[in-house]
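Lettered A, B, C and D in written order, each chain numbered from 1.
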Amino acid sequence: MSIWIGKDTRLVVQGLTGREGSFHARQMIEYGTNIVAGVTPGKGGQQFDNTVPVFHTVADAVAQAGANCSVIYVPPAMAAGAIQEAADAGIPLVICITEGVPVLDMTVVMPYLQERGVRLIGPNCPGAITPGEAKVGIIPGSICAPGPVGLVSRSGTLTYEVVNHLTRAGLGQSTCVGIGGDPIVGTNFIDVLAAFNDDPKTEAIVMIGEIGGTAEQEAAEFIKANVKKPVVGFVAGQTAPKGRRMGHAGAIISGSSGTAEEKFAAFEAAGMGIMRRPIDVIELLKAKLK
Amino acid sequence: MSIWIGKDTRLVVQGLTGREGSFHARQMIEYGTNIVAGVTPGKGGQQFDNTVPVFHTVADAVAQAGANCSVIYVPPAMAAGAIQEAADAGIPLVICITEGVPVLDMTVVMPYLQERGVRLIGPNCPGAITPGEAKVGIIPGSICAPGPVGLVSRSGTLTYEVVNHLTRAGLGQSTCVGIGGDPIVGTNFIDVLAAFNDDPKTEAIVMIGEIGGTAEQEAAEFIKANVKKPVVGFVAGQTAPKGRRMGHAGAIISGSSGTAEEKFAAFEAAGMGIMRRPIDVIELLKAKLK
Amino acid sequence: MNLHEYQARDLLKVAGIPMFDGDVASTPTEAEAIARRVGGTVVVKAQVHVGGRGKAGGVKLARNPAEASECASQILGMTIKGLVVNKVLVVPAAEIATESYVGLILDRATQRPVFMVSDAGGVDIEEVAAKTPEKITKLAVDPRYGLQPHQALTLALALYRDWAHVKAATRIMHQLYTVFMSNGASLAEINPLVTTPDGKVLALDAKIIIDDNELDRRPDLAVLRDESGEEPSEVQARRANLTFIKLDGDVGCVVNGAGLAMATMDLVKYYGGEPANFLDIGGSSNPEKVVNALKIITADPNVKVILFNIFGGITRTDDVANGIVAATKQFKVEVPIVIRLTGTNEAEAFKILESVGMAAMNDMDAAVSKAVALAKEAA
Amino acid sequence: MNLHEYQARDLLKVAGIPMFDGDVASTPTEAEAIARRVGGTVVVKAQVHVGGRGKAGGVKLARNPAEASECASQILGMTIKGLVVNKVLVVPAAEIATESYVGLILDRATQRPVFMVSDAGGVDIEEVAAKTPEKITKLAVDPRYGLQPHQALTLALALYRDWAHVKAATRIMHQLYTVFMSNGASLAEINPLVTTPDGKVLALDAKIIIDDNELDRRPDLAVLRDESGEEPSEVQARRANLTFIKLDGDVGCVVNGAGLAMATMDLVKYYGGEPANFLDIGGSSNPEKVVNALKIITADPNVKVILFNIFGGITRTDDVANGIVAATKQFKVEVPIVIRLTGTNEAEAFKILESVGMAAMNDMDAAVSKAVALAKEAA
């Protein structure tokens, strides 16, 4: 594997028998991901598509099917409970695709996971993919190819856009991670950057940010201090009207207005390559990858 | 110091200006304990007995008076908050004398302290004394004397009884710790036994238990496996009528009935000296301390 | 504080836990009316705070309202283990398919509320725990996070296979947790949790113990205390803020601190005597408390001698001495008093007692031996 | 979801936070009645979801009920930053000794609710934060444990010296925390928290933002949404589960995903165009959503071209294609549509569009350039 997911991933799908869960589970299986179990309370004992055993609980999926990674497609009101169930069952990596999880729920989920040493990616994220090995989530496998570029993004579809450019230009990916754009997410830019920095298969890194908050600025500082590999970055929302998407409150706490220009400036200060358009990723990376 | 408290203790008294707080603070000062501050919200800026500065918060007592240990005499409904305040202020050792603290409060206090690495003794305990150095709590200083015996007890007044016998017989104490008899206490027998085992000033240990629960049995197992110093033990409640003081519930969980006989048997299995009466402590210890 | 079964049932009902119909009656006529309303065969159950009600004849089956009235008149007023029955619970004698046990307990070891469930329910859970512990599923709840949905489900799956039962039981776990937490309980128990032939899951019998330390801040719970089913001397003691348990011996004991009180009883026995009671006057005692303690103890005709054993810490021995003096002025104590006082303000205490011609001692063993000897003399 | 000031005041009142008297009015007569009840000089304030109400003439002082009616008739119906004022708040013009700021915000960095308080209140807190950050005290609350008594006290001590003020403010901190947590807020703000010459501590103005993700499980909060004060096209979009923000350009955008939607707008600008809107159809889109999106965009007369930019992941591009086809069958779209589709079920999507003679593209830059060019042609 490159980072976090790969051939050794034994995936359990929480919410497997729902509309989204079943659709994307089939896509993941088709891609070659090793889905060992599904969880839907009340459907324990059934088989999904005659191949994947379904359990009432994640604990059963771990005990009886050896799951070591979970992906979550349950409705938003049940997402926090599903994440905590996976953590209690001993799953070390939980990827929550569900969109619309109340933020106050996440304020409680995070310490729950920290106490158990569990990594969460998401919620409201597209998941992760290590091309050629495993995809966990909803990133379309067809647009990815194995290679040396690590990608981390706060966006969903914008990630696909950039990955698509990379693959078409012959720049394959080690792992692509969508961390999600919610105010509270389990894994931030720095976590992924650190993992890419330590991953021998990753030679360059692409970081896709958005306006709001200061995660990009903090990531840029981390890059400046710690990351030895070339990094290029984009920030969506350069033309967004002020004050509509960002509450002013977060900005006061952080002492930052969270604009795209501020973030691009931080990227430049960190010596990163600046993508003004998604397509710019190609020329920037080609220059950096000798 | 012998264990935990001693000449370096800089004590803040939470609830200093209350009836119990002021009475026992004077006793502690008389004994030579270094009380550097008191805390009573609303009385910040005052002086207690023209010598001890009073603050609104423990944080102020730490910042302005350098407190490093707290003793709590506030009413039961406010005890959990007082303990947590001390922990947040960076006090590493908190001794809660208050009796009647709701047990559900303690189920939340304990993880709060564990997250902050704070030791709590009590609640509903007589505190601790390192004779000749410092007393924190309500153990009468006059009955103690410096020496080689470490004492740990779930009881209050029964502790005094045993200490009194020791002192009269010329057996001084390194430190006496009353851990309290509530269902949930911050420091248990094993914590104190481990500290005595590592303390060069302690040569022998006295352990005073009560019926109910399994703390004494677990302590006996710990002694058997780890404690190299002689230990003698007593269990109060040999004649207590069954089923009146102990709920049956705790017993089901632990698989133990928590009787005095069961505890004495555990003591014997651990090679401890058995005190049938408090006064027996003298002959048993004299034999063990060559 | 133990709640009566009917009080526990009320708290469960408020939380939405499904239960059989039924109600509590204080007279045969009330019991008859409840049986009529409920319909069919009913069970009439004595409401007293002791185990073994069934064996003592405190639980009876009644096939119709008239029989219910009859059973109630037999049970009401009877004495079970020294306690008079003032109330009976009348509930349908249900057709039951399965019986399980669901309990939630404040556990010392994990320092958390712990669920215990077993599909071997309806019987004494202590016996299950002792003989077949593998039939009990335990689960600790972190109160910072509350009972998690998957935890409630796991508990329900330990009891049932049928999904409708599992779903119903999952909900009941959450409700029982709410009852436990919102009432400051140290135990909340449904035994048995039953399934009926038509597929319902219902709580048949309930037991709740409230942490006494909650009552000060929870007057709504404090009023649930039913003193009619308790030993009158213990009620009197509690009202005076004393912890008192009546026993059968003749050495009345007044001690400060539970540990020392038990050790004192142990020492009475050691020297060949029998304690008449456990009595802890607690910390921060004032003279008034001592007066009340003496009133309660002297009311027991078995008592041949009164033994004070006070080791002052937070309790000031001069307060106790003043209390003894005040009591002897208020009423005549007919039996000898042996006083052992030491610790905080001990010099003042001795002076106070000497000033009214009473002697005090310093040594516990000497005092206990003397009290036992005096009791034997008087016997 | 932003609450109106009067709605925020109501939630604060329910929590027990002391406030000046006052109420909301929809007519000058109502305003007059409130002014009469309240007595003295009052302030009449427009209730719209924008800042700078005062500068726009939306806040007026009235010395008596007649003036209050007059002010209300001036403010009601006026347009502030494009939004029509339908309600005014009438409150006493208070005599104020001091003004402080108290805010509680869901903070990304600490992942907790964070209190911010400052004794420099009443003014724009962003300005305080920028110019004198040392005047702001911040405190993160661990929601597992709730606001601790000593934390509330510390915050109150940052605002006041007088102990009566400190005590009152301590209570208000707890109450504001309760308002925040129990309403699923992402912001709850009292600005200013005032003291009066007679020593009271009162909330003068309040602002609450509810996390939109709470509304599904909190119908009681969802009903607080006042759509009359919002841009009608944004209301229509939200009802169709679309995220829409109207802008001033001529390139209508339909995109899936907020990040890609912003990047699309950025690219429109990059190629010399101006976006007419932000529109995110979200994941799991169905054909119906696309129809609604087209209805909303085509209602804007500025729009000269419609640009679809769909990258299928959880969104299936065939659903979107079906939506486009369905919409063009339901109503005539007068402006050209440029469609960029790629990702999940892309082959099916292209077939669906081809079957009705519509062309689709694969490349974002090409599609955006083409849309910008078409908009320029039409201009």
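Rule of thumb we're sticking to: a contact is a pair of C-beta atoms (placed from the backbone, for glycine too) under 8 Å apart; a residue touches a chain by one contact, two chains touch by 3 or more.
Since this is a predicted model, take the numbers as computed values, not measurements.
With steps allowed only between chains in touch, the distance from chain B over to chain D comes to 1. The chains in contact with chain B and with chain C alike are D.
For chain pairs A-D and C-D, the one joined by more C-beta pairs in contact is A-D. Separating the centre of chain A from that of chain B, both taken as means of CA atoms, is a distance of 50 Å.
Centroids built from CA atoms put chain D at 28 Å from chain A. Chain C has its Cα centroid 55 Å from the Cα centroid of chain A.
Shown for chain A are the residues that touch two or more other chains, namely 108.
The set of chain C residues touching two or more other chains comprises 144-145.
Viewed as a network of touching protein chains, the structure does not reduce to a path, ring, star or complete graph. Applying the touch definition to every pair of chains gives A-C, A-D, B-C, B-D, C-D. Considering their complex, residues 51, 103, 105-109, 111-114, 116, 125-126, 129-130, 133, 136, 138, 142-144, 181, 184, 186-187, 189, 209, 211, 213-214, 216-217, 245, 247, 255-260, 262-263, 265-270, 275, 278, 282-284, 310-315, 342-344, 364-365 of chain D touch chain A.
Every residue of chain C that touches chain D in the complex is listed here, in rising order: 144-145.
In the complex of the two chains, the chain A residues touching chain C come out as 41-42, 56-59, 78, 81, 84-85, 88, 108, 112.
Listed in rising order, the residues of chain C touching chain A in the complex are 145, 148-151, 153-154, 157, 163, 166-167. Within the complex formed with chain D, the chain A residues making contact are 19-20, 24, 27, 76-77, 97, 99-104, 106-108, 110-111, 126, 138-140, 142-143, 153-161, 164, 181, 183-184, 208, 210-211, 213-215, 234, 236-241, 243-245, 247-255, 276-279.
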